[in-house]
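Below you'll find the structure, written out as structure tokens, and then a few comments.
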Amino acid sequence: MIDSWQTLENCLTCSGVKDGVMEPINLNEYEALAQACMEAAFWDYYQGGSDDEVTLRACRSDFERIRLRPRMLVDVSTCTTDTTVLGTPISIPIMVAPSAFHGMAHPEGECATAQGAGMAGTLMAASAFSNRTLEEIAQATTGPLWFQLYTYHSLQASEAVVRRAEAAGYRAIVLTADLPRLGKRERDIRNKFELPAHLQTANFANVVIDENYVPLPSNVTWETLDWLQAITSLPILVKGILTAEDAHLAVERGVAGIIVSNHGGRQLDGAVTSIEALPEIVEAVAGRCEVYLDGGIRRGTDVLKALALGARAVLVGRPAIWGLAVNGAEGVRHVLEILRNELELDMALCGCTTLASINRSLVKVL
Amino acid sequence: MIDSWQTLENCLTCSGVKDGVMEPINLNEYEALAQACMEAAFWDYYQGGSDDEVTLRACRSDFERIRLRPRMLVDVSTCTTDTTVLGTPISIPIMVAPSAFHGMAHPEGECATAQGAGMAGTLMAASAFSNRTLEEIAQATTGPLWFQLYTYHSLQASEAVVRRAEAAGYRAIVLTADLPRLGKRERDIRNKFELPAHLQTANFANVVIDENYVPLPSNVTWETLDWLQAITSLPILVKGILTAEDAHLAVERGVAGIIVSNHGGRQLDGAVTSIEALPEIVEAVAGRCEVYLDGGIRRGTDVLKALALGARAVLVGRPAIWGLAVNGAEGVRHVLEILRNELELDMALCGCTTLASINRSLVKVL
Amino acid sequence: MIDSWQTLENCLTCSGVKDGVMEPINLNEYEALAQACMEAAFWDYYQGGSDDEVTLRACRSDFERIRLRPRMLVDVSTCTTDTTVLGTPISIPIMVAPSAFHGMAHPEGECATAQGAGMAGTLMAASAFSNRTLEEIAQATTGPLWFQLYTYHSLQASEAVVRRAEAAGYRAIVLTADLPRLGKRERDIRNKFELPAHLQTANFANVVIDENYVPLPSNVTWETLDWLQAITSLPILVKGILTAEDAHLAVERGVAGIIVSNHGGRQLDGAVTSIEALPEIVEAVAGRCEVYLDGGIRRGTDVLKALALGARAVLVGRPAIWGLAVNGAEGVRHVLEILRNELELDMALCGCTTLASINRSLVKVL
Amino acid sequence: MIDSWQTLENCLTCSGVKDGVMEPINLNEYEALAQACMEAAFWDYYQGGSDDEVTLRACRSDFERIRLRPRMLVDVSTCTTDTTVLGTPISIPIMVAPSAFHGMAHPEGECATAQGAGMAGTLMAASAFSNRTLEEIAQATTGPLWFQLYTYHSLQASEAVVRRAEAAGYRAIVLTADLPRLGKRERDIRNKFELPAHLQTANFANVVIDENYVPLPSNVTWETLDWLQAITSLPILVKGILTAEDAHLAVERGVAGIIVSNHGGRQLDGAVTSIEALPEIVEAVAGRCEVYLDGGIRRGTDVLKALALGARAVLVGRPAIWGLAVNGAEGVRHVLEILRNELELDMALCGCTTLASINRSLVKVL
């Protein structure tokens, strides 16, 4: 039996790497190292998709159907990757996507992830399903935070969490739109996966959990969004939109941003991929709110492709977990740094010195 | 030598599963268990297609060319899967397709299959080529039945069977249109497959089989359909239509329903797949009769795709046999229950609370 | 070392088949048996293509991009496969393509092939590069023959061969258009393939071979066709046409037929396939001459697809060689019989009772 | 440990070939032999691409999406492959692409490569990153040369090199447009690849290398091109253009030629391939300068496809290195000779007797 967590030395040793002699050079290598670090059932939890994992695979393969049209002979002595998201400056157009229960990857859990994101000069969207309280997470990082809200059976319970996020300095609320129920994740079913007792949701550790706190009610609707907008002055983002129709509805309701996502291929198998859905959503939004892409980003060129198709920034989920598992906050920072370096190099190779100069003409969709 | 049938215990044991500790969680796992249960030549008979099995494989791969466009923030607290077929209520838009000789999969044969379908609240279309008489099948189930007619050399013989189906309470007659001759099923040819003596067609066990009862005459035509409509007041469905042209003819002749099918890839290899043919048929029919899809359904999302493209319901053939082989009536029920649960979950994940709300905008064909 | 030829018994024995207990049931099985029968370098000569064999593989895979749209409820009690080619009746729309040096596959060489074609009620196009003289071939068969002419350095030498073909009763001359030089067949190059002394071209065995008889001159042109038309009253076919442009030219010159072919993938690697080129050629010809397809036919459904796209008949090359290698004339007959049976069955399954009823609506090109 | 170079005997012996008994018959065989000859890290340097090597693979696979439409019955007794590039006659439309540090493949380095190109009657574009000085290279060959310029931090340093190239008889300057920074070549990173001391750039061996000589400045722009045109009367080519937009700019600035290239898949991974970009560039240029294709040429048919899509000639990089590694100048000559023979044969099989007769109608893009 391996433990759910091993120190970096152990982890790297078990991968045949030692004394920092070799460092992962890309996200694929982080993935392999992370698998070696993590308990098998936890690994499956993070890596797995729903049903036959068709969408999970398509998340990656769809990027290969897009090719880049680089421009030459531009002065690329300085390429800047900084941008803003909802007015908040970040140093790269790459944020850490919300994902649940980082304690399975590292004992410091979400605190380490947020710290790593902050060290990399970017934002993390913290999940409500965390092993550290939202207040602990906020204290752990120098970077900006968003709070990903899963509503609860009782709106009062949901409101209480929002109030805490406001108080802790979170800059926006991300309403999860694509989880009215949990997808059929067969790896977890076969593993009879259950959260260990010490890794239960931290945010309500001091609350008597009654039926009001049952999460993932199936009756979250556009009216829930209205309610949320009424109770908070924080900007609201909706995560999980995959169609122009829903993007229209979201914009009409006044959201500040849309996160195009299929929940990492963990919900509806066979759904369109984020990168495939992005163009119709960007067209529907027509600049009325910010649009982000979540899902499948593994290389700087993937970021370029998403931005060329209209995303303002992207989010990475699993890669942050890999960095966390391999080396805690430092691993998260390094994963983001690798992406930053790739993106910055790829911009130079494309003749783009600022993110603003990236547009649709940079890509060709096969 | 293995027997043609093994008890569930043996079957599960030989698959490394015991004492009900593990239950199949999807149809793929039922398929693997069923293969372990069944005599090789019987397995080949059920699983095989014709020629090079190109169409057999395409039946599955064509579903991957269709992607779902899920809608969010709909109240999906309650998703209902019930519908009607030709006015008969069923609890899921999934029926058991007619297939021959269930006795090869289980000693109780079609009686167990029908019983399982009834337990799952749905309809079975019983094949004329059954190891139990149509009357036995009708008695075995609480669910509704259709009778799949293979005509015989003599129309009187055919009429006699129809009369018995009427008397036994069958609700419709399914005329098989795509079997003027048997496809070239090379697995059977290589296996020198022959029905064992105790598994001959049951429906004529007490009849002196003369040339009048030779089945599969090659001269079944649209006039045969007219004749059938003249002799019975039961609604008539035609099974095996793959073109808009034939759909037009069927509707003009007044059929109650069309089952789009390529006979499980067992007849013409290289034929279009059912899911590929469905749109042109739905368009041709233009609501004038009900249209069903048969072929390739293995997941709840497959059902969604078929319904989005205009099918009123789908039929599953081999998966019912797998359930039957593994666990008799209970296995059939469980296979259908798995599909029901997947469908209901997938509807929730798509924002569809009723089957009526599923339409063309739910899918994108690559 | 294996001999260049083994008797059927040896051949079947080495394939684990004995005493005729098992007979090949499709052309794929004949292919496997033939390989076991034949000397490796001879096998490579027949099977190989040019360069990277891209076109050789595409010849098969392109057929899978075409799907059949079968029609139902047609009286298919009788499906007839007989047709005529240039007025000559044949019992199936499948002829034996010209190919060189059958002596490598069987000691009776082209005589056996022609005999098998005749036994199957169809026509063989005999190659000028044969191990039996054209007169011997003509005597060996009851079926009709065409003569495939490779012109020689001297037109007189070419004319002499045409005169002999006329005298021997050949019904048409097939002018080879796609062999101004031999393609780069790398299997042969690596094998240092050379015809054994006893397998040299038979047609000039009694002629002093001087420079006049050097075959494959690179200066065969449309004028050569004019010359050929001037010296013989036999109908002329051109073999090797792959474009609408050349089809126009051929028709304007008054050819009786066009054989669409890429020489079995043995000449220009990367060329369009026959089935891909067929539609544009049929459109260009517009009924002004007969059009045949050569290349990639392995199943009855392939014949259907070619006929649906406008071919009057097809030719098979390698499959005839396989039959010949395995069982001489009887093997050739059996290969053709398998194709006949498949075609006849496939017609029934498509609702086509005559070849004339096959048209473009039978296929869908992906 | 193997040495960085082995004599032909050793090399061929280690491949199981001896005494010249067998000679490579195509470029694929040269590739395999070269790998056996070369130190692993050097091999990786030449063979590798950037990131996931998606573009590297696409460089080859994109050629398979183009099919040839050969014309028949043309007198192809004589097919001529000679052409001119920027007015310089060459005997085949195939040049040696610039690539760095040939000393890793052969002790005579670029001198042997240039000699081989000259022996084959064609031109080599010599890289500034060479292990022999540009003057040595010029002396070593009878063929024409272009000089591929990488600019340096100081324009004076760059000008000095251009002056030397002029003096040594180079006929044109190739400005590298696609290397503002080095791509992420992960094979080299993992190998910790470093040039051995004896294989440093030769051109500045006698110069005190200060900051003025730092190559690959990121501020090379269209103005650099203007500067280059001002200081030399040699014709200027731009290498690395992949879009119509940049082709327009280049033509407006008066370049003599454009080399369409993605730097062998070593710069931006995911970029369009050269053969994919060629048509839009040829259309944009509209005959106002010459256009060449670099990348993925391995067969005579590849050359045909590039020329049909509008290239005046092509360049081969890695294949020349393979020839060099296996057999020095003679190997380079042989590689080019193989391509010449293939091209000449393929022209004959397409009915093209001159390069001028090759046009767009020769290809069909799938």
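So that you can tell them apart, the chains are marked A, B, C and D in the order they are listed, and the count of residues begins at 1 in each.
The criterion applied here is as follows: contacts are C-beta pairs under 8 Å (C-beta built on N, C-alpha and C of every residue); 3 or more make two chains touch, one makes a residue touch a chain.
Remember, it's a predicted structure, so these values are computed and weren't measured experimentally.
Novice: Tell me, which chains sit next to both subunit B and subunit C?
Specialist: Intersection of subunit B and subunit C contact lists gives nothing.
Novice: For subunit C versus subunit D, which are copies of one sequence, does the interface use mostly the same residue numbers on each side, meaning over half shared, or is it different?
Specialist: Counting which numbers both chains contribute, under half are shared, so the two copies meet through different residues.
Novice: What rotation angle takes the CA atoms of subunit A onto those of subunit D? Round to the nearest 5 degrees.
Specialist: The C-alpha superposition of subunit A onto subunit D needs 90 degrees.
Novice: Mind checking the centre-to-centre distance between subunit C and subunit D? Centres are C-alpha means, answer in whole Å.
Specialist: From the centre of subunit C to the centre of subunit D is 43 Å.
Novice: CA centre of subunit B versus CA centre of subunit D: separation in Å?
Specialist: Whole-Å distance between the two chain centres: 60.
Novice: Indicate the residues of subunit D shared as contacts by at least two other chains.
Specialist: Correct list: empty.
Novice: For the protein chains shown, what form does their contact graph take: line, ring, star, complete or other?
Specialist: It is a ring, because the chains touch in a row that closes back on itself.
Novice: For each chain, which other chains does it touch, given as pairs?
Specialist: Inter-chain contacts occur between A-B, A-D, B-C, C-D.
Novice: For the complex, which residues does subunit B have touching subunit A?
Specialist: 25-26, 28, 63-64, 66-77, 299, 301, 305, 342, 345-346, 348-350, 361, 364
Novice: Can you list the residues on subunit B that touch subunit C in the complex?
Specialist: 51-52, 54, 58, 177-178, 180-181, 183-184, 186, 189-190, 217-222, 224-225, 238, 240-243, 245-246, 249, 267-273, 276-277
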